[in-house]
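Listed after this line are the structures, all set down as structure tokens.
The two complexes that follow have subunit A in common; it is paired with subunit B in the first and with subunit C in the second.
Let's turn to the complex of A and B:
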């Protein structure tokens, strides 16, 4: 606040106050927002039958009930198993094709129409198409997640390859470093470093896609299946409980990990 | 030199399209019947849909629903965004809620909406509005953040009236942000409508797509997917692309797009 003059004292104090508010009480307001939301939810639930809107308490009870049954743990496990398989395929193909396309702009142009279509296609439509192509099973759900997550990682990799430090590359070229070593030791670390936030973003996306695919395809296990069953039985409190599980999972992946990685990346960047 | 190489590479885009078509045709001939339709079959069913009028009927229903939902969601997002953008407490109060809404799979809310509204137009309109809302909200907030604070300070020094401030400072500055938010949300709206119809409706494009599964009509499904892509591409070309070029918050729209499930 070095620019505070005599005449603007009031405005200046206000600005400092706003800054303090931003720092110290943002969490307070966020928590207040959530509390108000839960209170509203509770009030609304009083008006309607639990079959339509279960109260927050009923949802928590349903959540505890759900996880006292081993079956639910299996559902969570099978969804996350699929997510991990999909993420592994997604990351490897995304980085590999992205690097090839990053080095060869003409290959990038050849892949581009496929990428454009994958972006434009509604995810549900792709899920239905995958049923025709792969039948109903794990292959199908994984294929959907890979197809829809691919443009994200591929695009990020292409950009990352193009923005590798030119000075470093020039130096390596002067020292006549082998191409393989160049890719392995100069490009790959830079690319992985650059697309890390995108990998995390893609994990959150994959969790959501997987649950969508499970619901639309109608698999016989997984979180999506558990929700379908809850809907058929009109067990709305179970749907709410599963939603809580999912919000927690997606927020943990996207918010928590993304925050940690960004902090780590920033620390790394300021050190160098 | 560089430019010419760039232009040369553009030639490979149509080659990519051709290659994909050839690959598709080969796969369609090789794979078991019904897994992947030939291109001709897809266009035949598209033409037959157009001739029977089915195409226009369902497309009209879906477009109507996504427009209604979009209008509701965009209006709500605009007003809450405009209020929360100028009030830190409100902004932080909404933050966790909008954040979870952005991170939420629409399909799950569709299941809830089916319990609340029953099968029909209500589900699709509700879902479309609900998921249009956070996109418009976030873009209005981002637009307000980008307002030039020095300009605002000057305006306050010269004691410019509130109305004048909104008319000649806020609105022009916000216009690009709001427009790109709207444009981007329009594409999302259609996709969400399709998704809602697929599970919770008995007409509209999403519903007919779901039906092709039970009729084992792969060509019909691909024809409808083609229609969807055309609609999304039209929105993209007419609305998103021209506005995005001028908008500084495009990075944000890209980010939201990546979460668009």
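Let's turn to the complex of A and C:
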């Protein structure tokens, strides 16, 4: 549609064609990047024993073998489920607390020590500390992933709240728009737009942290558990296959999230 | 009626306005001219109630305020219709359907029928400014504040927006403070004009346009604009 409102059809058609061309060329470079990566991986695998670096072919075979067993689907489902729960908690708490702290610097100061600790402590150390303090279990695993991802979304939200366009805020003040509408119609969309890259980053991070937490906590299902078993059996090709699953999971979650956000929340931007 | 009595306003150590007195009757239109940074927009902000004067007194019985800024200041993530209904949301007297109806009516009056679900980025600059005008009028303002709303527009667009605004004012008269750099714009709308000059800004000249707006022909507009331009040059 673009700014085709008042008789600029030819210009619009040209713009759409240019956009499509750019999209096609970006797909080309992306595919080329994947091909180069696989080629390099193959070359490296030729130098080392399959025990250390299995080839792409061996990994794909291991992947097919893995998914011929229904148990593997359960592992993927368990991890996915936990990641989605963790992401939902992370996003809601990160944005809500970030907005409250963005409006009230004193609350930001209260939260600061916790945020700094979560940033400074290595994820593995925090996971071990959580196990010692709260024991093992699914709740603890999800909580670890939430705690580790929280500073990212919280910090971005605080910054975003303070960067909302002052001209828009002045306009809303002049028209005496109620505070609740101000938050819902001005702050929230502006914040979501600003922290979108961080949400995507957090989704990838949550997958990684969740699998790490599953390994450390020692759950009896999930990708982390499956990788632990593969490690015990020295099945390197299985570990590589699970890593491929991880990549696919990150891409699927990021892609799904991006689609949802673009379709629902950022439609105003994608249609411009 | 809106009255500023000896209003003074400073930002930090710098005094922007000093002893500014203005009286605006209901449905009266006042133009304010003067160089950049003299405090014209500060007067609008004080009139809108977003900032308070340091000294002096403001008396006003004009409760509903509309504002047209130099830029449209639309929420980019809301459609044209939602941008207009936004300013009605706090009004408990209106149902959701009333709000939509009123906003649609204003958009239609401004020639935006069919574009109500477009986002600002999909509209041209002139259309965006028309949405901003619709937003200002939909609150049925007792006082309309205009901060150089035609600056930066090309001549054709400016003329068409001015014509629309004059039609709207004939349909629904309201008190207006119109800040502008252009003497001709001032004569087109206002009953009187004041010139701000000096450091800090003070009212240094005032002119009343004798002819009613509907009786002003091009010759009269140009003659009065030339007079204003001369006064502006002298007061610099």
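Convention: the second predicted complex is superposed on the first by the 194 of 272 C-alpha atoms of A that agree within 3 Å, B and C clash if a C-alpha of one lies under 4 Å from a C-alpha of the other, contacts with A are read in each partner's own complex, and residues count from 1 in each chain.
The rule is short, and it goes like this: contacts are C-beta pairs under 8 Å (C-beta built on N, C-alpha and C of every residue); 3 or more make two chains touch, one makes a residue touch a chain.
Keep in mind that what you see is a predicted model, and the values were worked out from it rather than measured.
Contact with subunit B, but none with subunit C, is seen for A:113 once the two complexes are overlaid on the shared chain. Of the two partners subunit B and subunit C, more subunit A residues are in touch with B. Touch criterion met: A:246 reaches subunit B, while subunit C stays clear of it. Within the superposed three-chain model, A:176 lies in touch with subunit C and out of touch with subunit B [touch as defined at top].
Of the two partner chains, neither subunit B nor subunit C is touched by A:70. Shared-chain residue A:231: touches subunit B; no touch with subunit C.
Of the two partner chains, subunit C is the only one touched by A:168; subunit B is not.
No residue of subunit A touches both subunit B in one complex and subunit C in the other.
In the complex of the two chains, the subunit B residues touching subunit A come out as 5-6, 8-13, 15-17, 19-20, 31, 34-36, 88-97, 99-100, 103-108, 111-112, 114-116, 153, 156, 190-191, 194-195, 198-199, 206, 209-210, 212-213, 218, 221-222, 224-225, 228-229, 232-233, 236, 255, 257-259, 261. Of all the residues in subunit A, the ones that touch subunit B in their complex are 11, 18, 21-22, 25-27, 29-30, 32-34, 36-37, 51-52, 105-114, 117, 119-126, 128-129, 131-133, 148, 152, 201, 204-205, 208-209, 211-212, 215-216, 224, 227-228, 231, 234, 236, 239-240, 242-243, 246-247, 250-251, 254-255. Here subunit C touches subunit A in the complex through residues 48, 50, 65-67, 69, 71, 73, 75-79, 82, 86-87, 89-90, 115, 118-124, 127, 135, 139, 145, going by the rule given at the top.
Listing the residues of subunit A that touch subunit C in their complex gives 1-6, 167-168, 170-178, 181, 185-186, 189-190, 193, 266-269, 271-272.
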